[in-house]
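The chains carry the letters A, B, C, D and E, assigned in the order they are written, with residues numbered from 1 in each.
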Amino acid sequence: MSNEWQPRIVAFFCNWCTYTAADLAGVSRLKYASNTRVIRLMCSGRVDPQFILDALAKGADAVLIGGCHPFDCHYAEGNYKCLRRFQLLKRMLMDMGIEAGRLRLEWISAAEGEKVKRVINELTETVRQLGPLGIPQQFAEWDKEMEQFAAHVEAGEALKTPCAEHAPTQEPAHV
Amino acid sequence: MTTKYSYFPGCSLKGIGRAYEESLLPVLRALDVELEELEDWNCCGATAYMAIDEVKACVLASRNLAMAEKLGHKELVAPCSACYLVLNKTKHYLQDSPAVRGVIEKALAEVNMTYSGNTPVRHPLDVMIHSIGLDAIKQRVKRPLTGLKVAPYYGCQIVRPYSTFDDQYNPTTMDRLLEAIGCTIVHFPLKTRCCGASLTGTLPEPGLLCARDILAEAITRGADLIATVCPLCQFNLDGYHDKIAKKWGPHRIPTVYFTQLMGLAFGLGERELGLHRGFVPMQPLPAPVPVGVGV
Amino acid sequence: MDKPSKQTVRIGFYICHCGSNIAAMVDCPAVARFVGTLPHVVLSRDYKYMCSDPGQELIQKDISEHQLNRVVVASCSPLLHEHTFRGAVEAGGLNPFFFHMVNIREHDSWVHTDPAEATAKAKELAHAAIMRVAMHKALEVKKVPVHPDVLVVGGGIAGIHAALTLANAGKKVFLVEREPSIGGHMAQFDKTFPTLDCAACILTPKMSAVGTHPNITLLSYSEVTKLDGYVGNYTATVKRKPRYISEDKCTGCQECIANCVYKEPKFPDEFNEGLGKRKPVYIPFPQATPQVVVIDPQTCLNFRNGELTGKCKKSCVAACGDKEAIDFSQTETFQELKVGTVIVTTGFQAFDAKRMPQYGYGKFPNVYTALEIERLVNTSGPTAGHVVLRDGKTEPRSIGIIHCVGSRDKKTNRWCSRVCCMFSLKLAHLLKEHTGAEVYNFYIDMRAPGKGYEEFYDKLLEEGVHFIRGRVGEVTDWARTPDEEGKLVIRVEDTLAGYVRRIPFDMVVLATGLEPHADAQDVRRMLNMSCGSEGFFLERHPKLAPVSTFTEGIFLAGCCQGPRDIPDTVAQAGAAAAEALALIDKGFIEQEPNTAFILEDECCGCKSCIPLCPYTAITFDAANKKAVINEALCKGCGTCVAACPSGTIVQNLFDDEEIFSEIEGVLAHE
Amino acid sequence: MSKPKVAFYWCASCGGCEETVVDLAEDILGVVEKVDIVLWPVAMDFKYKDIEAMPDKSITATFLNGAIRSTEQEEMARMLRRKSVFLIAYGACAHTGGIPALANQFPREQILKFNYEDAPTLVPGEKTRPQLSCTEDGRTVTLPQLHNVVRALDQVVDVDYYVPGCPPTPKITRAAVDALLSGNLPPKGTVIGPDHALCEECERKDTKPDKWDFVEFKRPHQKLMDEKCFLAQGVVCMGPATRAGCEAACTSGGMPCTGCFGGTSRVRDQGAKILSSICSNLAAKEEDEIDKTLAGIPDPVGTFYRYGLAKSILRRKLNLPSNP
Amino acid sequence: MKIERTIKYEADRVKGFGDEVSSVPGCEKLQACIQCGTCSGVCPLSIYMDYSPRQVMAMVRSDFKNEVLTSHTVWLCASCYQCTVDCPREIRITDIMYELKQRALQEGIYPKKFSIPVLAKEFYKMVYRYGRVSENLLAMTMFLKSSPLEALKMWRLGLGLILRGRFPLTLEKIKRRDELGRMMKVVDQVKINKLHDELKQARQHVAARSQA
């Protein structure tokens, strides 16, 4: 395995269609990129937007949701509920600075092993183009601005003046 | 109101296929359609060119497409089947192959041209049936060609490989058009069979055999003449009768453009329609039947 | 059993080599070593075949020896073996739901090519499972009784056989057939390959057995329009089309037919593929079951455009007399059936040969489909078995049979229809026998892989039937040589001899392929099944569950699942019946406890969830002003769980915290 | 036994929380009787150095309101953490970031530029920016610096309890104080208040239909029916996703809930949950129609995370340009 | 009687030829050929071919490059697209024939004194030079270069055309001839191999999309 950065994709597949399609891709020995980790849910309707945000925040570079085709949902309309949430969530993620390409919803029926392969490969390629999302790294980066204080507190030193000591090192002035 | 289309005549319509242009333009004018010829068009890149370099053929075609788009009429009319196919094929490549598209875009940029891929390329037959409509055509008929038995010959490249405006196995647009101007259509199983034109010049025997089969079948089916939609087909079916006769006996039957027949039905003169340019002359039509005089 | 606290979680991890299926791509010992270092993991092993008896025993032994209270197995798809391992865990004394399975075969070793990447992926998936299983709770499997009656949809040979098998085992069966008679395509066939026994002779006894069996309720001329409920407890709605004859009163005497105002049959006869004629009142074929006539409102003079006019003098009614079986006032009715299981045997439709215009069907009268020839060679067919061209008199002297019409062709149907080679051979034999004509078969590949099939092909070769390997380019009436005049000319490359040939024929037969019914998608949706990309119904597993579907309690047999011949169809119908029997005789279904429930105290009664449930399992308790889930109706999709704005709905097996743990696990590594 | 020492402090907030303490009205006297207030900038004069001089853990409880926005606030939070036995995040800003955390959608530089250079209320062309330090007459005055990220209190220091709300109601404040005084303390990390959503106590609850089927979204000013559930009228109301305890102050006052109490303990991201719930209940099925309906929520972040952006899963807009 | 060996040894193959051809856009499906012979069956010219189109497909796939490029079949293809339309595997046989023609010309392997390649080359040159084709001039050039005797036999046809005004004696030219030259140069600059790589990627992309 090469040491260069590899995209990490978390996929939520519904049990009846897409997960089965992924099994079919396996049985058919189709080959696709190894960057996707599948989490099985009973229905794409179970995909809670929190899961998507959480996956991204924990280091996923993209999230893929796979559900049954319209009219084909094993639970009648779970896939529509997923689609509706997806549409707004995608817009919201863009507002939060996350590219639309990092969230993908696909309808993949149990027979479409080929589509699993294609979608995973395409998404992997898209993410490769976009580069790392790196939210955990960003969190760490943001928190650096607090490190200095924490160090002082650790050392048990009280600060003489609120910010004179650190201000020049971080930023000369609000100019 | 006059409708305008861009017009790509192609090399043949300026040479051996002059009669096609000579009949097409007045017929369309009679139907309130004006064709505006592309300024400085170049060879479409047809069959023989494709054999050398398919990408270059597409680049050639794209220059014409780019000029058509710039001309601003919504659609481009290409009467020659070979041009029609190459222009359409180029459009398909532009859509399906980003690589070919890339090359074409670079080449066009070199001469400050662009092509967005929007201008549809249409055959006159398609325009007449689907844009002008049979009713409008019927209204223009002054002298129905009643009793004239026609073998409709479509040839290959307007129905294959793309099925754009007619059935690939049994096209009927020309049948309907000619029926509308009074002709009788004979059952013609070789409607879309290759005429061999691209070979006649170089490998006479196979090319001529293709032509002979079509002529023979038209005669067998009792046709007075063959109607065609392509200058190469017309030349191949019309120009080699002596050679065919030498090999397989006489097969004399005239081959004319469908536009020439329409012109006749619209009351235009034979010479005006370039009918004198054929090798096998068309038999004089029966005396005109006056229309709308209450006979 | 209560959930042990985090400190006492003791996980056993097992990774399966699956022979070389997994081990060739995933470094199983390395994964096991890695997992061994994770918190709460007490032991971590790799093993050749976890699903084998020794593999399962290993788990059981470890549970007691190492006081495991959680088990994770990394092997194949949970859809395949989750059940097996839950059983092993239970046998080891644990609640079966303290188990989680990691799919490193279908989702990993089989689809990746780099061992390092595949191993890394296996580690992450295993890590996720370890984190997830720590959150698992003990759950109870719910047992639901199975209604013992069975619904069979489709009355062809598959449906007939399945119905009889079940009825003979003492189960009540409802057999629903949309045509006026059962029998399906097989009833139309003349002989069957390779034994050449008469199709009617083997089928009609079974048909009448269905008609008279006390355990079978035959609903012919009817369609299932709706299926509600779940395994063990389905409610089917059946539409009964009006046949304008009371089934109870009709004795099958057919006096009405004889006395119809139409003295001669005039309308194309469906059963004979339009080669014969029938009257507006008719019986589809002599052995039809039920032996009840049917009136076609499209052609009966008492109707106009299907609407009753009463304008006929109704000589049929008079002929029926006291029996009073004819009832023009009949309308569509609906009937509800309660059943526990469903067997789907809806069959196929023949490819429409007009979709291949180059073969001239519909244009040249003497181009026939294979089904037409079946009727033409049949002694009870429209010509009494006399093979003549459509002019009604000329016997063909030369016949060309074109294989693979609408099969193996990306422009029509990609698949091989499996039976065409064999029925073409059979028809070649029958046509030669009936007419003595020269018979040519044009084939791409000769496929004769059944018992006695190759021998049948041998026999045909010896009989002097001609075989040309080449797919026919076109059938034309264009004659190039004098002996082609007036004939249908087939142009083909004889690929074995290496020549392009033109061969003239009097008759051309198109071996049309098999395809799904035009309305197969509607049926599929109604029954909540899946379809393969080609449109045939999808079995749960091609090898391990070939007659099951993804919906519990619904089974498949026959050509609705894919083209197959009669022996295979009957075998499959028997298998489907056996699967249904197994469920019925067990008497109950164990329901996956993945249902959702609402935390009663915490629910604020916002009603967000109520409209989301497609099974109306969620209701509003007006007294408490809180939503309540009826666990019996909940099917466990989890849609309401994802939508509950205050996180108050919990789904067993797919709890928020379980999934969050899994997410954390798959992303735990850089 | 001496009276427990209590401190109130005020970080990035509007001051409303301090008002609430005063709003305890007569109760405040009862409180004051039982405790020693050692720090309360809004009402009394104390110096930093006094607090600094206090031994660690000498304050029984500090009620800190406001988000942590600047270096000074961070320092005070850390100091008060050290000096206090219990640190209580008081009010929405300290609890989940509050309104100030909406700044997490923008880079600091953009905010400063707008406020000091581009805002239409400024003297044109002046573009005066405050200096971090300034020396005049030989004396240096320093100003705290803005952080890039606005944080809830527990993202900076360990927090013992949370009192939610913008502002917390007197009742809930009183409950917190009583708990402290009685020593009958809930587990650490508890949010003081009920753990169910607001609908439970909303007067409009009974008018909620069984089916929503949103076809369009309305704004609160669009002639709405009094007494009827806001969601039933197509107005985004965060009630179902918001912790109860405010006694439905907004909805009984004619405004939909905007979520200041945060989500319940079972929810990790309040905004994601209300989004999920509302979207699931749209009527539309086709992508276009769905988008058309959802266009009625033009600013999902501002709508769903009005008080909770700092504590949402994503916390802040990503990939913002860092400051020079 | 001249007898030649017909057995093929591995050394007779030009390994990789089949893969190369099938990586060109339009030729991708070659590998899917099931040798059913539909192409030969529908081809109007197959009666004159030394190898049937089906055989050409098999030969290309098996890397018999020299045999294919010297066969008449490639040049007898009249581009009527019947095989392409009828092929049950959706192989674009006509386009494969074009590709083979191009390769034959590039490598100079084609039947000697065979006038079709000459025509193709002259056609190409004429377009390059003038932007348009004057058919009669083209025919004359071609006959002169391949078989001058044939040209003499054609005099009657030529005369007939002149008499009917179908033989323009002026040369058709476009005005901005430099434009074509510049455009062609751009095409030449795109390295053919690089192009093929790109085309291959594009092909995969298109294939993936068409499956959707």
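Brief remarks on what is shown
Here, a contact is a pair of C-beta atoms (placed from the backbone, for glycine too) under 8 Å apart; a residue touches a chain by one contact, two chains touch by 3 or more.
Just so it is clear, the structure is predicted and the values come from calculations on it, not from any experiment.
Centroid analysis (C-alpha atoms only) places B farthest from chain A.
The chain with its C-alpha centre at the largest distance from the centre of chain C is D. Annotation: A-D is the more contact-rich of the chain pairs C-D and A-D, by number of C-beta pairs in contact.
Chain A and chain C have Cα centroids separated by 38 Å.
Each chain gets a centre from the mean of its Cα atoms; for chain B and chain C, those two points are 50 Å apart.
Per-chain Cα centroids separate chain B from chain D by 76 Å.
Within chain E, residues 47 each touch two or more of the remaining chains.
The multi-chain contact residues of chain A, meaning those touching 2 or more other chains, are 45, 48-50, 54, 81, 85.
Those residues of chain B that touch chain C in the complex are listed here as 167, 169-170, 189-190, 213, 217, 220. Those residues of chain C lying in contact with chain B across their complex are 357-358, 476-480. Against chain C, the residues of chain D that register as touching in their complex are 195-200, 205-206, 208-213, 239-241, 244, 263-264, 266-268, 273-274, 276-277, 280-281. The touching residues of chain C, when paired with chain D in their complex, are 599, 601-608, 610-612, 620, 625, 639, 642-648, 656, 660.
The touching residues of chain D, counted against chain A in their complex, run 52, 71-72, 74-75, 78-79, 82, 105, 112, 116, 129-133, 140, 142-149, 156, 267-269, 271-273, 275-276, 279-280, 282, 284-285, 287, 290-291, 294, 297, 299-301, 304, 312-320, 323-324.
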